[in-house]
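Before anything else, here's the structure in question.
Should a chain be cited, it is by its letter among A, B and C, assigned in written order, with residues numbered from 1 in that chain.
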Amino acid sequence: MRMGRNTMFRSLFDKVWKFAAIAAVLLIIPRFLGIYTIYIYSWLLVYLIAAYGLNLILGYAGQISLAQAAFMGIGAYVVAILVTRGVSFWIALPLGAILSFGIGLILGFPALKVKHHYLAMVTIGFNVIMYKLFENQEAVTGGYYGIFDITRPSLGALRFESDLAYARVIAVIALIMVIIMYWILNTRWGRAFKMIRENEVRAEIVGVDIRAYKLVVFAVGSAYAGVAGGLLAPLLGYIEPTLFELTISFDFLLMVLIGGRGRFEGPLIGVAVVILLPEFLRITNQANLLIFSAIAVVVLLVAPEGGASLWDWIFKRLTGKNPPSLTK
Amino acid sequence: MPMEMQTVLKIRDLRKNFYGLRALDGVDMEIREQELLGLMGPNGSGKSTLLNCMTGVLSTTGGRVYHRSRDITGWKSSSIYKLGIARTFQLVQLFPEMTVLDNMIGAIQESRGSMFSRLFRFSEEGEKAKAQEILDFLKIAHVKNNLAKNLSYGQQKLVDLGMVLMSDPALILLDEPLAGVNPTLGREIIEHILELIKVKSCTVLIIEHNAKIMLDICDRIVVLNEGRKIAEGPPQEIKENPEVLRAYFGA
Amino acid sequence: MILQLIIGGTATGAIYALMAVGFSLLWQTSQTINFAQGEFVAAAAFIMLIFYDALNLPYVLSLVLTIVVAVGILGILFRKVVVERLIKTGLLSLICATIAVSIMVRNSLIFYTAESMAFPSIVSKEAIPLLTIRFSPLDVLNIGLAALVIAALQLFIRKTKPGKALQAVAQNRDVAQVLGIDVGRMTALAFAINAVIVTFAAILVAPVYAAKYNMGLALGLRAFYAAIIGGFNQTRGALIGGLLIGYIEVFTIAYVTSQYSEVVILLIVIGIILFKPEGIWGTKEVWSREL
């Protein structure tokens, strides 16, 4: 049974209209949300982008990055600095992403040579260094107080000033980022990642350039964080260093772990838990973190290799069926 | 005849140390065009180590490896694979959570094109057809959609062999293809190998313990003991070589 | 002035060294990278507070009880529940888990109190002027006790039977197993020893810097810096690394920059990682890729 051009186009059309449907839903939802909820909604989508980046790095290329917050900061400060000087948001955002990508490449290069704990240390080091820079380079970053009055973008006659409008901008961009991720993981790159994850030695023997893949993945994942940061700046209207400190990188790690690293829907679950749960529980920040980290530990103990997760187990228990897999 | 005498792979004075243990102690060897070369020796003599060094899985402590007069010492295993040198493993090495078909396609997807171009390859008809062809040849086409980890050991061994064949290698290195396999399947594997040599004109090196089979099918045999080559020649000579007998059976 | 800095550096360095030595011990015996080392110190400090402050037990009794609880929870329980299960899967999972555990510990300590707690000290914290320098008995205690603990550890490892077995496991697990050593018990022992070490580190650092729920993060990071620079597959590497970090820290703050002192250390750490990952006094690890 050969798949001809027709079937290929049909499955592509299938995917397109599914994504269009999701886009419609994402655009309609905020219409019905209150001011505060829209804010949570936007925040969730922004963090989702960064979480997808980390999931790619950690779950698919098997590398630890504790620098996602720093890259978010890079994207955020680029947008903040440029937008407050009159540059269009639509130029600043890609610029921030490209800068994050480039720095990710540079950081990733030496990172290739070292093993996990060293890589963790290098990324921690990078985050701390960036944080100190953000905090102390007053002339550029506004120092401790950060940058204010970051205006929201406009496109021609359209102004995205309102919370509702800007939430939709974020939603569209988030969806695009997720679609790109879906694309990456469903091409041969996805298979290459699987091979690397399951048997790195054999993967190299059949010609997989492991270093190249890991490097590019590191850069792409960091660029995702850069995009998230770029979106964050106009969302808040201001940015300051503590938004990008080391503990935020830990938060991203928890999100990816909770969702199940290496699962396509992992970041969705992880971000939903970390952002939404506190809204329902109304307990202290520390208590939230305690719960999240405890969940993360449990998930790790249940499914140490990643890929499968606690949620599969729960899904199976509740419905008796195997959960669907979004990537091959 | 110049064709047969051309060497595909040449090893000069190869050394490999592990924590002070001399696993390979200066081995000279060559693999000739289109021959079926056997590599034998008691356990621990360095056969697998030699294979690992040749294919870039292990780094060498000394000596050189040449592929058709090109020095490939120290090359990465992925680069050596792209030269057309493929190998199987003593302990089967597959991608356990992937299907047999995925394993097969995975074995060659990185051989062609750039990494970037792979983001845009959507159709895999060619690869699937080839995998089907090889799986049919090995008579395991019925498991092509099973996860590799769910196969029987014998089936896994065949998939391992199948993955090697996907890239149409000019030089195939088989590391104990018959280990842990029942005699019937073993005979099948040998038949596949012999047919392969006939059809594809490739060069094959086999590491095996089964002396009877080796003496039967190989053109030449090299014997290692304690990291050194102790004998080399056609099966007839090897069979009667006193050093070989001593290595295997003691003084 | 320089002498003053050296004393200060040695005092803080001693604490880092202690923590790094414990860290190194865990790595050597069971290939465990314990990202929660700093939080363990914090936890020990808080456990001590519970006994001393809340329950009003005498200092020494509190200390003994703290050691017992620490060994039980931070040593045995931690190993059994978390490490043992994940070590088979690989270093990546283990590191993720210890990071998650560190977050857990850090955020559970706050339930005792969010405030900075004054921590008891057996000796005075008052600085005694001597010639041109000022040092407090606590500084002396820091250095002395740390040295004592490390020396005791070395003695234990070299002279006692379980200690020698531990050393064998640290050098080569497989050989040790073949020799009949119960590797499982030895790793448990290593975790227990680490728990004792972090308790001592806690009673040394808390009086000076006060006990706060998030004290572990900065401490833990510096212990890692120390372990990486010095080389954590050798105990002496960890020791020297700890002292070095102490010195670099005080001297950098005094002479170069206050805000960027951590950055200076980090640049050195990253440099070491890139150019001499085994650390200055560590030995090269063999990462085998054999099949």
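One rule holds for everything that comes next: contacts are C-beta pairs under 8 Å (C-beta built on N, C-alpha and C of every residue); 3 or more make two chains touch, one makes a residue touch a chain.
In this text, all values refer to a predicted model and were calculated from it rather than measured experimentally.
The most central chain, judged by the distance from its Cα centroid to the centroid of all protein Cα atoms shown, is A. Centroid analysis (C-alpha atoms only) places C farthest from chain B. Between the Cα centres of chain A and chain C there is a gap of 33 Å. Centre to centre, using the average C-alpha position, chain B and chain C are separated by 49 Å.
Between chain A and chain B, the centres computed from C-alpha atoms are 43 Å apart. Among the residues of chain C, those in touch with two or more other chains are 289, 291.
The multi-chain contact residues of chain B, meaning those touching 2 or more other chains, are 57, 89, 93. Looking at chain A, residues 201 sit in touch with two or more other chains.
Listed in rising order, the residues of chain B touching chain A in the complex are 55-57, 76-78, 81-82, 87, 89, 93-98, 102, 105-111, 115, 118-123, 125, 163, 167. Those residues of chain A lying in contact with chain B across their complex are 2-3, 8, 183-184, 187-189, 191-192, 194-195, 198-199, 201-210, 212-213, 216, 307. In the complex of the two chains, the chain A residues touching chain C come out as 58, 62, 64, 66, 110, 113-118, 120-122, 124-125, 128-129, 132, 135-136, 201, 246-247, 250, 253-254, 257, 261, 284, 286-287, 289-290, 292-294, 296-297, 300-301, 304-306. If you check the complex, the residues on chain C that touch chain A are 33, 35, 81-82, 85-86, 88-93, 95-97, 99-101, 103-104, 106-108, 110-111, 114, 213, 217, 221, 224, 228, 259-260, 262-263, 266-267, 269-270, 273-274, 277, 287, 289, 291.
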